[in-house]
Structures are given as structure tokens and as C-alpha cells.
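This report concerns only the one structure given below.
We call the chains A, B, C and D, going by the order they appear; numbering starts again at 1 in every chain.
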Amino acid sequence: MQKIPVGVLGATGMVGQQYIALLANHPWFEVQYVAASPRNAGKSYQEAMAGRWQLATTWGPGVGELILQDANAVASALSAAQQGRLGFVFSALEMGKEEILCLESAYAAGGIPVISNASANRWTADVPMLIAEVNPHHAAIIPIQQKARGWKGFIVVKPNCSIQSYMTPLYALLNRGYQVRRAFVTTLQAVSGAGYPGVPSLDIIDNVVPYIGGEEEKSELEPLKILGEIRNGQIEPASAPKISAHCNRVPVVNGHTACVSLEFGDKKPSIAEVKTLWAGFTGLPQELDLPMAPKHPILLREEANRPQPRKDRDADKAMAVTVGRIRPCPIFDLRFVGLSHNTIRGAAGGGVLNAELLKVQGYLG
Amino acid sequence: MQKIPVGVLGATGMVGQQYIALLANHPWFEVQYVAASPRNAGKSYQEAMAGRWQLATTWGPGVGELILQDANAVASALSAAQQGRLGFVFSALEMGKEEILCLESAYAAGGIPVISNASANRWTADVPMLIAEVNPHHAAIIPIQQKARGWKGFIVVKPNCSIQSYMTPLYALLNRGYQVRRAFVTTLQAVSGAGYPGVPSLDIIDNVVPYIGGEEEKSELEPLKILGEIRNGQIEPASAPKISAHCNRVPVVNGHTACVSLEFGDKKPSIAEVKTLWAGFTGLPQELDLPMAPKHPILLREEANRPQPRKDRDADKAMAVTVGRIRPCPIFDLRFVGLSHNTIRGAAGGGVLNAELLKVQGYLG
Amino acid sequence: MQKIPVGVLGATGMVGQQYIALLANHPWFEVQYVAASPRNAGKSYQEAMAGRWQLATTWGPGVGELILQDANAVASALSAAQQGRLGFVFSALEMGKEEILCLESAYAAGGIPVISNASANRWTADVPMLIAEVNPHHAAIIPIQQKARGWKGFIVVKPNCSIQSYMTPLYALLNRGYQVRRAFVTTLQAVSGAGYPGVPSLDIIDNVVPYIGGEEEKSELEPLKILGEIRNGQIEPASAPKISAHCNRVPVVNGHTACVSLEFGDKKPSIAEVKTLWAGFTGLPQELDLPMAPKHPILLREEANRPQPRKDRDADKAMAVTVGRIRPCPIFDLRFVGLSHNTIRGAAGGGVLNAELLKVQGYLG
Amino acid sequence: MQKIPVGVLGATGMVGQQYIALLANHPWFEVQYVAASPRNAGKSYQEAMAGRWQLATTWGPGVGELILQDANAVASALSAAQQGRLGFVFSALEMGKEEILCLESAYAAGGIPVISNASANRWTADVPMLIAEVNPHHAAIIPIQQKARGWKGFIVVKPNCSIQSYMTPLYALLNRGYQVRRAFVTTLQAVSGAGYPGVPSLDIIDNVVPYIGGEEEKSELEPLKILGEIRNGQIEPASAPKISAHCNRVPVVNGHTACVSLEFGDKKPSIAEVKTLWAGFTGLPQELDLPMAPKHPILLREEANRPQPRKDRDADKAMAVTVGRIRPCPIFDLRFVGLSHNTIRGAAGGGVLNAELLKVQGYLG
């Protein structure tokens, strides 16, 4: 099988680097196009990243030599696409919301599918916000989106990294008929979630910052769109669960931890049922055996003191959500701790998995 | 006024050191007696602490030369008391529960008041668990305790450090007639709470440990005793608020942070009323102008990203609870973040303040 | 005595904040003028610092209400000086070298003495680089500088924070006739040395960065100017000791540590002599009993594992250099570890001490 | 090829865990025997490690079910060896020196080769201290050791983790005829080097500890034995280079950094020659293509701010030494920064590589 040539927009940023690293040996996709801010355009990727590459792993063969394009120059991407050097792009753009809206639309209009990490299009009603194990059926809105917009390409997005540590566990319960009415969530989030340079060390060494701008709103609302239904050409958000989120930044490099209390509807699972259900949960990516899919999307740990970010974030290609401390809640019904790798499962890895899903579903040619 | 000679049991441990440091220039109390495990008995305090003193501040004049006694040798303390060298003791013992129960009783029976940081006696029904601003009236059980036990001394305790970041704010609301039915609390606790050597660095650098043995139970139940009433010679715990606590250890040296959501009874204060009420709250220690009392027991910060442990823990002699992010809760009524210094407000400083209160109330001769 | 009104240029930066905090209750000086970048000009200091104040301590009465001036608008400062609201300025400017050279000259030319933390003028031949305990006599170049430049004001600077942990110990040896021929120095520097936002947390959590731009050159050369002599209207640098410096950034908030090996000339002190000499060292600030002067400029710790930044940086108002591990070197003659607080002793505190010295010497009116 | 059954003594400790993890999929060796302190004997490995396993990776198939033996019960190992279940042991014992000397001798006497991480036998004159790329020829002392002791087994050791970041680079120079007369070394060492629980978090968060007991002596002397020659049945240490080491503990999980200055003899390489020589260096493990051997034992980075522990420690299976900042020294001839993974290259990985070497050399049957 010939690999699909892919591009990374925002290739020099934190998430962009993570995409480049994850795609280094991908069996289906190959990075052949990299774009970033005008400031870096014209440099080789290697040159631009000297002293700025943040990861322990490195890029695939040939990527260092790719010449960075200006991400604003959509024409350059279209020309690459026409020459068969670009099948679709991962967008890890770091710009203002309006700029991203315009730019992602321009790529999509021109015929280039955009698989985006940016938050700009998350609440666009005909743009699906995908977690491959949770709402793969939302991809069905793509042709509707294309038709309504007159686009040959399309845009799909993924949700915020902060919700990944509890969204799949929540869904696994709902999927078995256990309604979740309300959820209290407190997150302890890694600094890599803020990108680079991101959180100043003076703000976080020997410290906690109990505030991340906009994060609580995303943590409370995005699950509702993911659980929503396609109706009248739009994704209509679900009305439950109601979520209250406290979001904190802690001195951890990678891995978001979430302390969660759940209130069920009338049908309440036992602790043992929840454990069995989570440990056994699989979704479409597992069924399709997608390359980036974790074997177990939810990994159950029985030790009293797990999950922990440094020890569990890398589980199963850093794509598993690890859960532990499943126990009754004195106020609601159930408490647990969830953990996921924010720049892999919660960002680039989730994006790659979405692309794999869309490829198998036939949306990527 | 002549200073009262005081002793510190467990003087070499983390909290013991903090007592010694806080009492360095105390206007009413003077450390004249130090006791620890038999292993250190016979050494001068200075000698025993060489290379083990954890604090940036130091001990008062003469303390380095005091000879460490065996904390188990109650007779030695009684003899010091008879010679006028010991008025009461602060207990920062680190032993098994049974041993502490025995030992603290022996001191009290012999006529030496024990102001304890240990958890052993917290649920002894006739032992008051004091936060000086919240339940100073519980000291009234002391004569009942003495009579029932036939003791000349007595035991009072203070609650766990983990509840201090929300207990005083909760009380300030209750005190004004706002019933708090239920509270969700997630704590982000400093490593000093585990004593020394305590948390291994391999467990906490670039990591979070979402579990502290016994801490959630303490965080949920101790507030009920503090809010209880003396009845039939016992402190009968209150029945509300119902609390659900998630306790986490984070890479912070000092300062426990708590993310809290509150559900009120029928009478609900506005956000503005809560702010006014907390900022203006004072208790008996402020009225009495006790030396260790913070001017404002609750300090209100309006910045979006405060309180933070490194920046707020030392506020007002590290005795103030700093609160911030006061905002509505999508599920309950109100959310906020509270922070207090766990080894000062939450341990030794709280103990000293209790002693000052008991002194003024006439219980310490 | 009426306090001298002083200004802080760069008042919103890290070192600027430290100046503001240190001067909060100063017996001789009072902050009445604050200036920063044009962006903040016109705001009250309080308003500009909301959410940006980095320190646990706070500013003095009235400072929050001061209106920030544009630091480039020298005329505004001159006008304040004429109205008796500005005696001299502390410069904590963070700009390009050329801009600082121009700006500091403009203040000095206009009659406002500039006590600077910036590195721009450190190698200006007629500008003294002062450590108050080491080369207070270099202040004698001030009238020469004024005459040559036709200035009514003047400029003095202080050296880089990285040299403070070994410079005073070195000088104390030289001062007693022990020539130091060569010195190997490896520094472990705190993140606050890079200002705010400074070092990204992604670069330093669970990490060391073995490079700080320009720092090794400063660490090797600045001691030579400090040890130099005034000759022909210039400070002529000394030719020894030859220093080799390795500078590293470590995950420490405040406090620079230096591991040092010294080679003496023919006259070699014993370890015991070095200890005695360092423990007993005092300079002119101690003799004059200046408010900011530490009682012992060099503090000797005998424990095997000290000094340590978190435990020793705050010693004696954070103005003492703490030394320990004094032992023979297998290659050179002597090894030791030195430590000082980089933003206090090494920056704002050192600047305040210099100002106190200049005041007593009659240079500040 | 059938795998050699191997044992790990001290299998529950930090280095023991690392051995177990590294051997999980080893092509030649298979863990079939685990031993630890009597306290854990009788438990399955899995059971003993619940909540104590420190690593992100896990053990190989079947290891969790192995029953832990008492490491003191040599008879149990001998019996396993006779039954063909134990070919040799890795010793990661954590006991007193005398106990280890006795115990390792007992295993060796009984016919079980001991490949040890412990320091006890490092200065035993007929025990080789191997770095596989540096002194593989020292294995030739094994038959001499066996004959002199009347042992069927033997003991080999590896040096301390602190020297690994500079020892191979030093050797690569010596090997090309560049004498290194003297070396200044300052290490910044990770907390995992102290084992578990090891360094208390209270000692190292926001801190540096400029002292590690015994580490400077090891760092100065062990290189001399490694560079020594077999003479009269002993390894006679070399007399150069003379090393002066300052050893520091820093808040880093894994990876020791060393800042090094070298003085050459009369023949001095240029900076360019050193770079070429290091980048091209290979040893016997590379020639033999041993499974654990890094492709390049020395990895050269040209960026100004590398190597860094978090970004470089895992290079090439965490077995490469990464060097950078190669530049002239104002006092000696050359400066550089070296970095290696202390629990892999510097401990378990180095031990496995030694075993591979000994296997190929025919010492392990």
C-alpha cells in the first residue's frame, strides 16, 4: 500500500512536533508537507527546530529536509495536493480563533481535509468533534458539511485534552445503559498542555495554579457535543450529564489527571460492574485494529495509589486512559481517578487515530 | 509576665521542628523541655538535629542546648513539671495510635496538659478538636474530661491539616445562618504533610499521587466533630454537611490547596455576600488579639489565578486561609479554591494558637 | 531623618518587583517613582501588577497608587527630581544593551544617580561595578566619571548574580594575602535569574539545562574588574584569578549554588584558616552597620550536606553568602560550595546595599 | 538458541526492577530466578511489587509468577542451577558491604557467575570492573580469579553510575593517544541514583543537595582501575588522570549530567578532532553487535543547550552517553558536558551489556 502524503500545519509548535514524531513510522501516512508561521517559512524543518525540538523521540526519514511553508499560504498546499504530495493536513495551528476559522475553511474549501486540534471549530455545528472510540458515527456529517459549504475537503476536530481522562469512561457507562446525570471533575493538568514556551517555570515549581483560562467551560460543555446527535444537518448537543469542572495546573510534564464523582440515573451499576465494564470496553478503532488504537482504551489499575501521570501516561502507546481508585462516593454514586497523556491521547495521537478512522471509513480517498 | 515553660514531644520530627521554630520568640511560652524517641534521648537538641533540621528559620536561645528526653519516660516530664520547668506539652508524636493514646493519657493523668497534633485522640468523645476561630467553646469539655478521667491535666487535639483550607470558610457561612448541605472537595496536598522522610522524591517529581492513606475519611468526618455540640459529657458530631473528598499529593513543599463546591440549604448567599462575609470574618482569637492569630483568618484574593501555594501559604504568619475563584457552580451553588499552610496553620501554628486560647481561657494555669 | 525619594526603572519586572518589596519599610529610602515600558505607563502600579506580582511579600504604603511612568521619558523623571520627588533611581531595565546605555546615560546626565542592575554598563571603564563588602573604594571613580562626562548624576552597576556565591569568599582570601591563581567554578542556577516569564517549565521540570547564554563569560571576567584598580580615570581589571565557569540552570526557584576549586599562590592557607577567615570576614557595610548589610557576609555551615538553596538562601535577610563543604581538592588546593540568593543578594538587595553605601559616602546628597 | 536462565538478586529494589524490565524481551537471557530480602521471600514477584513497581515499562511473561527466594539462601540458587534453572545472577543487592562480599563470594564459589552492581567488590584486586566499550579485556582476569579462589563461578562488577557520563569520552581520547592528565568534574545527579525510597522529596523539591556520601571518591578513583592493567593476577590501577569531583543531587528523576574540564598531555587534540573522534567511537560491543549495545556509545549534539537529562537520557535504548558543549577551557584544554541514564547505562543496562559480552567471550557457558 502506498502511504498517503500528509501535512502538518503548525509543525513547529508543541502539538505539531508531537504529530511529526508520531508519524515517523506510520504504516499509512507519511509527512511530506510542513507549514508554520511566516517567520519560519523557507527554512528546512531541521534548521527551524535546532534547539527547539522538545521530544525525546525524533522525526521520520526525510522530514528534517522538508522546507517549511507559510501556513497562511493555502495556495502552496493546494499546489502540493495537485501534485500528489498532500492528501490531507493535521492542523495544530496556534493563532487567534478568527484566523484559524478562516484558514481551516480555506484548506477545506480547496479540497484538503483538515483534521484539527485547534479549538476554533469545535462548536461549529456541522463540524464533528471526534473521539474515535466514542462518536465515530459523527463522521457521517462530513458529506452534509461538504454539501452545505460547497467544499471538496472538510474539517473534523478533536476535543480538548482536559476531557480525555473521563470522557471515554463516561461513554463506556452510557453505552451500557447507565445514565450519568451529573459529574464533578477536578483536573490536575500537565504543563505541556499550555504549549511552548507555555507555563513559566516561576509559576509552577513548588506550586499549583488553580486556573486555566477557558478550560473549565470546555471541560463542562464539550462532552455534550460528543454525546450529541446529528439532526437537521447539525450535531445537536446532549443535555446530560451536567458537569462541574475545577481545572488546575500542576508541576507535571505530561499527563492530565482527573478526580471524578458520578451520579447515575435510576439504574446504578455496582463497583464491580463498573470495573468489568471499563476493563472490557472497546470501540470501533479496536474492532478495526487501527494502527494507533490502544488495545484497551480504558486500562484498569487496582493499586490504591494509581493512576499516576509519570507511571501511567505512556501506557499502550500513550493512547490508553488509565483509571483507578474506583470506589463509592458519599454524595454521588461513584468516584474514580482517570489519567491520559495530554499531548498524545489528548492531542496528536487522538488526531492520528481520527485520521485512521476516517481513512477506513473512506473519507480520505 | 513570666513565660510558661513548655515541652515538645516528638521534637525532632517535622511538626516538632515547626513548633520549636514558631516558639523561638513567643511572648508567653518558652521551650524548656524536648522529648523524642529513645534513640535520640541524651543528646543535646542541637546535636540531634545536625543535618536534620528542615526549616529556613531556627530555634530560640537555649533550645539547642536542651537535652532530649525519652518521650516514653513520662516520669521525667512529671519531675520537670514539679520543678516548675514544664507547664504543658505540645505533642507531635509520630508513633502507632495505641502508643500515642497511652502516652498522651499518661501525661494528662500526671497533670500535664497535652495539646496534640496526633490523630490518635481526635475521635475520643470527650477530647475537643479545636480550630481556635471555629469552636473555641468546645474547650468547655475540659473540666468534664478531667473529672471523668480523674486527671489533673487534659488532652486537646487539632484536626487534620487537609481540612484547614475549607473548614474556616465553611464555618464562616454556617455562622451567618447559611446552611451547607453538601460539599465536594478535591485537595492538592504538599509533601511536608507526610513528615520526614515522608514522600520519596521518586514518587512525586513530575508526578501526582492520587491517594493519601486515611486522608479522605479525615477530610470528610472531622468537620462534623468540629461543628458538633457538647451533650452528656461528650462532643456529639453534627450531621451536616455531607462531604466527599478526593485527596492528592502534588510536588509542592508546603501549602494544601482545596477545590470546593458547596450546596446550600434554602437560604443561599450571593457571590458578593460570600466575599463580604469571608473577608470580614473574625473569631475569638482576633477578638482576644492572640499573638499567633492572623488579623484576617480568611484572606480574599480577587485575581483569577489565586490562591497559589508558593505565593499565598505564608500570608499573615502563615496562619491565614487564602480563598479565591469564588464563582457559581453548575451543579451545586458555589465554587471556590482555599489554601492554607499545612505545617503552620494546619499543624504547629494551629497548636500554638490553641494553647494561647486555652491560656486566656484559664486552662493552662 | 527625612527619607530620600527613590525611583525604580523597570518596576514591573522580576528584579524591579524585588526592589519594590525590599524598599517597603526601608529606613532611608522611599519609593515615590516607578517607571516601566510605555505599554504600562499611565496605569497605577497596583493595576499593572494584578496577577503579575511574583513575590510572597508585598509593596510599601502608597506604592500601589503610584502611576507608572514611561521609563523612556527621562523628562518626567527630571521634573520629579526638580520637584523633590526623586533623589536617585534603581535601574532594573530589561531592554537591549544599546537602549540601556542611552537611557541610563540620559538619567545620569540630567542629574539623577543611577544604581543599575543591568549588564549594559558593566564594562564601561569609568563605571564602578560594586559589591559593597568587596570594592567600596571603587566609588571614588564617581567624581572622575562625572567630570569626564559632564554629568551631575552618575552610574554605578552591580555584577552578575552568578558570581555572588564565590566572589566575596574569594575576596576574603585575597584580602588576607592569599593569592588565588585559578578557580574552577560550576554553577547550579535558579530559574528566577532569567526573569519572568523566563525559563519555560517544559525546559526545566525533571531537567537541567547546561547552558545560560553569556553567563560563563560574565562569571569568568566580572571578578577581574571588581578586583581591579582605578588608574588614569578608569578601572583597570586585575589579571588574576583565571576562572573557568560551567553554568547550569536547575529546577530551583531562588538561590544560585556554586561548586568551586581554588588554586592558591605560594602562600596557602590551611582548611582551618580558611574557615576562620571566612566566618570572621566583615567589610565596610558591616562596619557602617548599613540597614541591608548582613551581620556576617559569609556564613559558614559545618554540615556535610549544606549549603542548600531552599534552606540557606534566606539567611540574614537573604544577603549572606553561605559556604560549606570546605575540603582539600585533589588537583587544586581547596574546594567548597557557595550559595547566595540571586534576586536579593545577587540583584535588588545588592543594589539597595550599594545605595546605602553611596549615601553614607556622600554621593547621594 | 535456547535462552540462558538468569537470576536477579535484590529483584525488588530500584536497580533490580530495572534489570527485570530490561530483560523482559531479551534474546539471550530469561529471568527465571528472583531473590530479595527474607521479608519478601515466598511471595510471588507480582504480589511483592504491588504498589511498589516504579517503572513505566513492565516485566516479561512469567516473571510476575516467580516466587521470590531469600537472597541469603545461596543453597536455593545452587539447587536451581543444578536443575538448569539458573545460569548466572545479576546482583543488585542493597545490604552492608561485608554482607555483600560474603554473599557474592558464596554464589561464585558455588559455581554461579555474579554480575554485580554493588560497590562491595569494586576494589577487590582480582575482580574486574567492566564498561564493555572501555575495558572488555579485563575479563581475562576471570580464570585467574577462579583459580586463586578455587571458584567455579566468578564475580565481575560495574563501576558507579556517576562516572559513566565522562568515562567513555575520556577513554575514547586516551585510546587515540591523547593523554588526559587531569580532569575537573562536577556532576548533577538524578534522584533514582539513590534507590527507593532514597531521596526524600522534602530534601530536593526546589532544592539542590551538594553532597552524596562516598560519591566523589568513587568518581575520582574508579576510572583509574578501569584504565588499569592486569599484572601479577591483579588489576593494577592507572596513575592518571587525576580527577577532582564535586557531586550534587538535583531534582531530576533519571539521568546524570557531568560538567567536565580536561587537561591533556603534550599531544592536544583540536575541538574538531575531539568531535570527530567521539562521534565515530565504537568498541567491542558494537563490533560484536551485542543486543544491548548502543549503535554509537557516544552521541554528539551540536545545539548550545544540550545534552539535557529529560531529552537525552533515553537515547539509543538509554545506553548512549550524550556529549555537547565541546569548547575550550580557559584553564585546562577542553570543556564539555556529558550525560547518561544512571539506572540503565549506569546500572542495569550496563550490567546486561557486560553479561552479553561475557557470554560471547565464553565465560557464561
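As a working rule, a residue touches a chain if its C-beta (ideal position, glycine included) is under 8 Å from a C-beta of that chain, and two chains touch if they have at least 3 such contacts.
A quick note: this is a predicted structure, and the numbers were derived from the prediction, not measured.
Engineer: Chains touching subunit A and subunit D alike, please list them.
Structural biologist: Under the touch definition, subunit A and subunit D have B, C as mutual neighbours.
Engineer: When the contacting C-beta pairs are counted for B-C and for B-D, which pair yields the higher total?
Structural biologist: Answer by contact count: B-D.
Engineer: Please identify the chain with the largest separation between its CA centroid and the CA centroid of subunit D.
Structural biologist: Centroid comparison gives B as the farthest chain from subunit D.
Engineer: Whole-Å distance, subunit C centre to subunit D centre, using C-alpha means?
Structural biologist: Roughly 43 Å, centre to centre.
Engineer: How many angstrom lie between the CA centroids of subunit B and subunit C, rounded to a whole number?
Structural biologist: Roughly 40 Å separates the two chain centres.
Engineer: Once you find the CA centre of subunit B and the CA centre of subunit D, what distance in Å lies between them?
Structural biologist: 47
Engineer: Counting only residues that touch at least 2 other chains, which ones in subunit D make the list?
Structural biologist: Within subunit D, the residues that touch at least two other chains are 54, 203, 205-206, 251-253, 304-306, 310-311.
Engineer: Which stretch or stretches of subunit B touch subunit A in the complex?
Structural biologist: Going by the criterion above, the answer is residues 182, 184, 186, 188, 203, 205-211, 213, 220, 242-244, 246, 248, 250-253, 257, 259, 261, 304-311, 324-325, 329-332, 335, 337.
Engineer: Can you list the residues on subunit D that touch subunit A in the complex?
Structural biologist: 50-51, 54-56, 205-206, 253, 303-306, 310-315
Engineer: What residues on subunit D touch subunit B, complex-wise?
Structural biologist: Against subunit B, the touching part of subunit D is residues 14, 54, 191-192, 196-206, 251-253.
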